[in-house]
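The two complexes that follow have chain A in common; it is paired with chain B in the first and with chain C in the second.
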Partner chain A sequence: MIANTKEVKDKGFDIKRSAEEIRNLSFKDHVCIGCGICESTCPVEAIKVGNIGPIVRNEMDIPKLEIDEEKCVLCGMCSGICPVNALDFTIDNKSISDIDTYPKYIASAEIDDETCIHCQRCEVACPREAITIPRSLPERSKLVTGEIEVNEDTCIHCGICDEMCPTDAIDVNRIPGEESILINKDKCVYCLICKKSCPVNAIKAACRSCSYGEYDIDMSDAVTTGSSFIDDETCVKCGWCEEICPVDAAKVKKQFKGTLNIDQDKCTTCGTCIDVCPCDVLSFPESAGPATRVPNVGKEEQYCIHCGACERACPTDAIDVKITDVDYTPTKSKSWVDKFEALKNR
Partner chain B sequence: MPKHIASGLKYLAAIELKKKGFNQQLIADELEIDRSTVSHYLNGRNLSWNSIDVAKTVTSMCPKDFLIMTQSLFKDTDKTRKIVSICKNNEFEAEVADSCIACGLCVDLCLMKAVSLNSLKAQIDSICCCGCLLCKEGCPTNSIKILEVKNDREYERG
Partner chain C sequence: MELNVNQDNCLGCGVCVVACPVNVSISPEVSGGHGSRTEEIIMMVENGVIKLFSKEKCEKCGTCQMFCPVDAIFLE
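Up next, the complex of A and B:
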């Protein structure tokens, strides 16, 4: 008879059916945001999403969802409809996201390497730590110009310049009999602090940056170079990178449009939603001063992906998330279309 | 005993193929048996008539029982498929509703290889379909209807 096999890996698992074709459903717990969309989509009610609030807040050692492999028919709908690709469904080792007949979300996050100035603002802001901007800085010595020299006969090897130098460019050996002073010109920025602090005027130095900088320094050496990398597995297309990028190099296309409403009267400020939100949309607002009132929970809706994880986790039903528009590729299957459209009536 | 019934089924298949105009060599190739055995079959030798009676009973059972019984006699899906497709008495047409989710269970369940997925929907080849309803019974969304459109069974209907 045809039966599914289940292989548990850490908190994730694989469910597999090998017959005419090999169908495999992989769950990646570290990617799952606990929105519950798979649970409400599954046509055979095989999926049970856990209580995400406690799981996330207590860093509990249990998976965010369970799939009953006896009930699962390996149709792949949960994979197709998961907004963050925590469930990967393959047929004969080919992901359905690469098979044209299966519908998929139209969503993307990209950083244009031509425009990017490698400031790493997006890397720092990304709530999912999905962005890496490796960069190489310009060589400091190429951005300064000047001259520096020590008169070894005058130098008393007191080490004051060594201690004062802000760039660690000077190395003084003070051991009697072994005295020496070395200046590393690759590190020196000609700030002249050594010259000014030397008690015996042994250092001659001049900075040319102001007067001859235009001739001495090639500004193309001042450019920071680098690249950008977005981890497609963890990226949830929340839009933080796009909002924060100072040069508009990041572009995000979301799969859902929708609304996020918080009933401040029902909210008990437990903070579960803040911990659960994968996009850092929610926060406790800071008071503007004495005798002012702020909402219990604040939102920055421009980062919201309308996944509904907060609504699901809220213990007092204070949050209402609605999806008003779903962007996905066309399919001939009515049942699949129905499932995507049903997201608007969650 | 099961072997004899299996031979009985092969005999019936040989007769059917003969009716369709297959010569002895073609029948032998089709059923993967010796030509001499085919010759014996067609001349009414080398087989107990009782086995043939039982084999006839098997072919006239309901399609699912015919299929499963044949499968358990031959223990070989390819041979089962051949015998059933040659000896089946009825024709079927399938309807798949839009509620089909393309889980492919029917594809895996069908011993006759009659089902395939096309544009995320099951497609059932009525020429291959033996009417066993295994696909319909296994369908998680109840999307399959199998309709009997022709019945040539020899037994009298009650």
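Up next, the complex of A and C:
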């Protein structure tokens, strides 16, 4: 954290900055993706982004970026231009992302709860583990209908039905003198395996769904309910959730448009880019069979946020990431516009 | 952050030499496990232990460290 009060001396002038407002810059290391955009944007070269490759790959216990507190003028540009909001700049405890006069990226990720069927595909796919889809499943007993009964006099408590039951609905106590058999009707699906496997025909069971249809089943009981949650702090708006969602409930808007090119001749397959990419865009392709050639590193560009972290980390300059379009809220400040536009010439 | 070696730990296996992407781009034959034809590369095994030749060429990707079985080569 960097606090305020700064005195700038220049050719005999004493330029003091008003300390009426409290300016603060804080950094969230676990959010930082090491793209280096803050480093190239900082107007006073106060930021140094570390070598993200070894930090991520060897789990080194050092911060991903360092800020020279002597140089920092607390302008807040690094915070505004960070594509993943790893740097938070506040004025009088109010984040500049909540102050309208400061520009910010137009980017979002949303899941429509009305459309979502709670399949959790996005939760599994999210490279940043930013999505949680808590869900409650329907009760099994409400989706089947039937009858089951044990004749305790005939039952020899052999335990065969207990072992065979696919839903663990039967509990047989085989200890001599304490014999018992219990059937849990909430778990039973009337598959009739117990009835068929019982050596002494002690179980009577019938599945009503098979013989009679599903007339006494209320299909509204069969619905999985739940909700969705995207952690805005860790989400990088990569688009995995949108691509993988089977019902188009997830919508992602990215701040950058651009291109990602890999020079396969320069690539030596060290894998640094794959480990560094925050969006699981890059991977080593599987062989397509004997006598076929696959690229050294494959890409799924639809998930790319064009942050350039891979380009920065690549030891052989084999990757070229270009930003062609930056989407941000309008601002009157020419310096801010210049910095946002400069991302296209990185 | 710079590249360091600990020759006391080194087994001389040469995995770092082959894995290093910069080595491979300077001297392509090392990728096949052959010795380098040039001393321009970053590191090489000499007399059974690793030796740094051109440390300044290191691009700090961390590949050597990841593959080294005994922490004999590392970025610090």
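The definition used in the following text is that the second predicted complex is superposed on the first by the 326 of 346 C-alpha atoms of A that agree within 3 Å, B and C clash if a C-alpha of one lies under 4 Å from a C-alpha of the other, contacts with A are read in each partner's own complex, and residues count from 1 in each chain.
As a convention for this text, a residue touches a chain if its C-beta (ideal position, glycine included) is under 8 Å from a C-beta of that chain, and two chains touch if they have at least 3 such contacts.
Everything numeric in this text was worked out from a predicted model, so none of it was measured.
Peer 1: Mind working out whether A:Glu178 is in touch with chain B, chain C, both or neither, as first, second, both or neither?
Peer 2: neither
Peer 1: Should A:Asp98 be classified as contacting the first partner (chain B), the second (chain C), both, or neither?
Peer 2: In the superposition, A:Asp98 touches no partner, neither chain B nor chain C.
Peer 1: Of the two partner chains, chain B (first) and chain C (second), which one does A:Ala313 touch, if any: first, second, both, or neither?
Peer 2: Second partner only, chain C.
Peer 1: Should A:Glu214 be classified as contacting the first partner (chain B), the second (chain C), both, or neither?
Peer 2: Touch partners of A:Glu214: none, neither chain B nor chain C.
Peer 1: Looking at the overlay, what does A:Thr272 touch: chain B (first), chain C (second), both, or neither?
Peer 2: second
Peer 1: Touching A:Gly53 in the superposition: chain B (first), chain C (second), both, neither?
Peer 2: The answer is second: A:Gly53 touches chain C but not chain B.
Peer 1: Along chain A, where are the residues that touch chain B in the complex?
Peer 2: Within the complex, chain A contacts chain B at residues 2, 17, 19-21, 23, 43-44, 73-77, 91, 101-102, 331-336.
Peer 1: Could you please specify the touching residues of chain C with respect to chain A in the complex?
Peer 2: Touch list, chain C to chain A: 1, 19-22, 24-25, 31, 59-63, 65-66, 74-75.
Peer 1: Using the touch rule from the top, collect the residues of chain A that touch chain C in their complex.
Peer 2: For chain A paired with chain C, touching residues are 50-51, 53-58, 60, 266, 268-272, 313-316.
Peer 1: Spell out the part of chain B that touches chain A in their complex, as residue ranges.
Peer 2: Answer in residue numbers: 98-105, 107-109, 119-121, 138, 140-141.
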